[in-house]
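In order of appearance the chains are A, B and C, and numbering begins at 1 in each one.
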Amino acid sequence: MHISTNPWVWIAAFLTLAIYSFLYKDNPFYKFAEHLFMGLAIGYGAVILWYTSIIPRLWDPLAHGTSPMRFFLFIPIFIGLLTLGIFSKKFTWVIKYPLAIYIGASAGLSVPVTLEAYIFKQVEGTILTRAMVNNWFLGISNAIMFVGVLTTLVYFFFSKEHEGFLGKSARIGIIFIMVAFGASFGYTVMARISLLIGRMQFLLHDWLGIIK
Amino acid sequence: MNFWKRLIRIDRRWIFLLVWIAVTIPLLKPIGLPVNVTPPAKNLYNFVDKQKPADKAVLLIFDFDPSTMPELLPMGVAIMRHCFAKKIPIILYGGLYAPGAGMVEMALREVKSDFPDIKYGRDYVFLGYVPGISLVILSIGESIKGTFRNDYYGNSLDTLPLISKVDNYDGIGVAIDLSGSSLPQLWASYAYQRYGCRIGVGTTAVSAAQYYPWLQTGQFVGMLGGLKGAAEYEKLINMNKIPTGRMAATIGMDAQSIVHLLIVVFIILGNIGYFVIRKAERKG
Amino acid sequence: MRRTFPLALAFAFGFALIIQYFIPHPLSQKFYRIMVQQWLIIISIFFYIFAWRSFGIYHINKVKRKKEGWWASIVAIFGVFLMAGAGFLSNRGFFFDQMYNYVFAPLQATMFSLLAFFIASAAFRAFRARNLEASLLLITATIVMIGRVPIGAYIWKGMPKLVEWILMYPNMAAQRGILIGVGLGMIATSLKIILGIERSYLGGD
């Protein structure tokens, strides 16, 4: 056993145990740790934003740059400063301008690539090619995949009543969806447990030094 | 019947205690179950491995914060070790979230000492955080210098030889996104569809199942899913005699196995209790 | 002015960036570069103001009105100044790094690791095979949970291959169906925003 002598490790261990105390009962130690985290997150974000975004993208070009074109940066800066309107009851409406530009532009940028990535490529991957059926095992598996994609899409088609052939297809679609949700659920359990394993490794290795 | 009723209503703190015991004992007394490597992990490893040092760089994106650190940090560490050992230039990017930068520093601290001849600026570069998410992905495609101006430490990118060689996706062989959210889909949509940059994924287990369509179409070249995925990559670099460090993910797999068995037992017991009680209530 | 002009801006920028994708002319590329590398990123820097304002208003009000647990809000505000002070005063030096590595990271990692206990409790109390669909979900989950970890291969050598097949074919099929639906929804929402049909992001008047 090699208990750590680093005071920072002890601080981390104390805070870890303070959070875990919630499992017994909600208590002031947990509340302290939880709210401290909230504040630290905001402070950390502000520092990183300042040094890696504001200084190199705004301050340095304007204060130390030489190109006359750099003064065009004042246009997006002015638009961004309109967000300060949120602090005034009378001028809150000015925040709509930067929001509209940003959200409209982001929507425009996303349409062509979403069509390609989410629709064309996925449909392309569903179409059965010779390579996908060149032996019986692959053939059956990919046929299952093909049926699964179609029936899942049918299940989510709510413009028509799920009766007759459509209803039967939707029922098959549910089976595929349940398999997918089951797989996701199994994986989710794995993810949550992994997070606990990580913290236990910190306590047992970094703090108490009782595992390698 | 009373037994089942009492069992179903047991104070959940006993369940918490059982979970804690199931995690702790395998860590204290490892079983040593072998880790099998899945095809998506092997594909990612091979894709990174085939990058030639003099050719293109690997862009490793730490798109996560400490909440998913136990799953994703070991992946980042293993991939960095792989690149450093093979002398593949690597651009470390603190990601589309601000806390990712701290994760890069944690990984570097763990790895650097095993590779003393690695030189900053030539073999690797650390880029900081810029807000904008999809805009940053697109902006990198035009120019890394134009996007970041300086590295994380404040050095002008003009002074770094690696960035002089690699200024956009044309100089990047594969961009590997380590993320616990849906950001890999954004990288595939914007970087791959628009610029043709190949994308690899390291994801938390929560998201792994939903990325199989992207793997099948080739939009992702490979994938590491969860702590198991990290353990698989550790095994692959170990098999190729690359210094592995502590192998935190592999150490955790025994505990993962035991707790999964425990959860399955919980599900079975809970359902037996449910059906026994339901049957008794229907009879009476 | 307050409603129409922002909608017109959203339309103008959105439409311009859609058609820009198909125009290789140098002017089109220059417009794209200016938008993506400068304007939009600089505007997004200022959006942090919304998050900081929300945080500040909530906690300052809680302290002012001495609501239950107001002392915790003082801790939160103290945390902001502690981390920001550590970063700005030391120029992201040693103390800032230590605060991140030994305070911020352990706190966040531990908070999320609590979920492991709750999912185990939920597995015992709530996951019931009430019908065919739920049974299918639970059976698949069990197979994936066991097969994905080393003990699965220890119990049966074929377990990892079975899990890989489930993930690669039936799971992938349904995920793809959902993905196509999500993609269509994203495109529809984006077009609705550009055309001014979807206006919720602008809030009220």
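A few comments on the model shown:
One rule holds for everything that comes next: contacts are C-beta pairs under 8 Å (C-beta built on N, C-alpha and C of every residue); 3 or more make two chains touch, one makes a residue touch a chain.
What you see is a predicted model, and the numbers here were worked out from it, not measured in a lab.
The central chain here, found by comparing per-chain C-alpha centres with the mean of all protein C-alpha atoms, is A.
Using the average of C-alpha coordinates as each chain's centre, B ends up farthest from chain A. Per-chain Cα centroids separate chain A from chain C by 3 Å. Inter-chain spacing, taken between the CA centroids of chain B and chain C, is 16 Å. Separating the centre of chain A from that of chain B, both taken as means of CA atoms, is a distance of 13 Å. Counting only residues that touch two or more partner chains, chain C has 36, 40-41, 44-45, 47-48, 100-101, 104, 106-109, 111-113, 116-117, 119, 123, 138, 142, 144-145, 148-149, 167-168, 171-172, 175-176, 178-179. For chain A, residues touching at least two other chains, in rising order: 23, 41, 44-45, 48-49, 51, 53, 57, 106, 109-110, 114, 117-118, 122, 125, 180, 183-184, 187-190, 193, 195-196, 198-199.
Shown for chain B are the residues that touch two or more other chains, namely 16, 19, 23, 67-70, 99, 102, 130-131, 135, 138, 205, 209-210, 213, 216, 226, 228, 256, 259-260, 263.
Taken in their complex, chain C has these residues touching chain B: 32-33, 36-37, 40-41, 44-45, 47-48, 97, 100-101, 104-109, 111-113, 116-117, 119-121, 123-129, 138, 142, 144-146, 148-154, 160, 164, 167-168, 171-172, 175-176, 178-179. The touching residues of chain A, counted against chain C in their complex, run 8-9, 11-13, 15-16, 19-20, 22-23, 31-51, 53-54, 57-58, 73, 75-77, 79-81, 83-84, 86-87, 93, 96-112, 114-115, 117-119, 122-123, 125-126, 141-142, 144-153, 155-156, 173-190, 192-193, 195-196, 198-199, 202.
Considering their complex, residues 13, 16, 19, 23-24, 27-28, 67-71, 94, 98-99, 101-102, 128-131, 134-135, 138, 148-150, 152, 154, 185, 188-190, 192-194, 204-206, 208-210, 213, 216-217, 219, 225-228, 246, 248, 251-252, 255-256, 259-260, 263 of chain B touch chain A. Per the touch definition, chain A reaches chain B in the complex via residues 23-24, 41, 44-45, 48-49, 51-53, 55-57, 60-61, 106, 109-110, 113-114, 116-118, 121-122, 124-125, 180, 183-184, 187-191, 193-201, 204, 210-212. Taken in their complex, chain B has these residues touching chain C: 8, 10, 12, 15-16, 18-20, 23, 33-36, 38-39, 65-70, 99, 102, 105-106, 130-132, 135-136, 138-139, 142-143, 146-147, 205, 209-210, 212-213, 216, 226, 228, 253-254, 256-264, 266-267, 269-271, 274.
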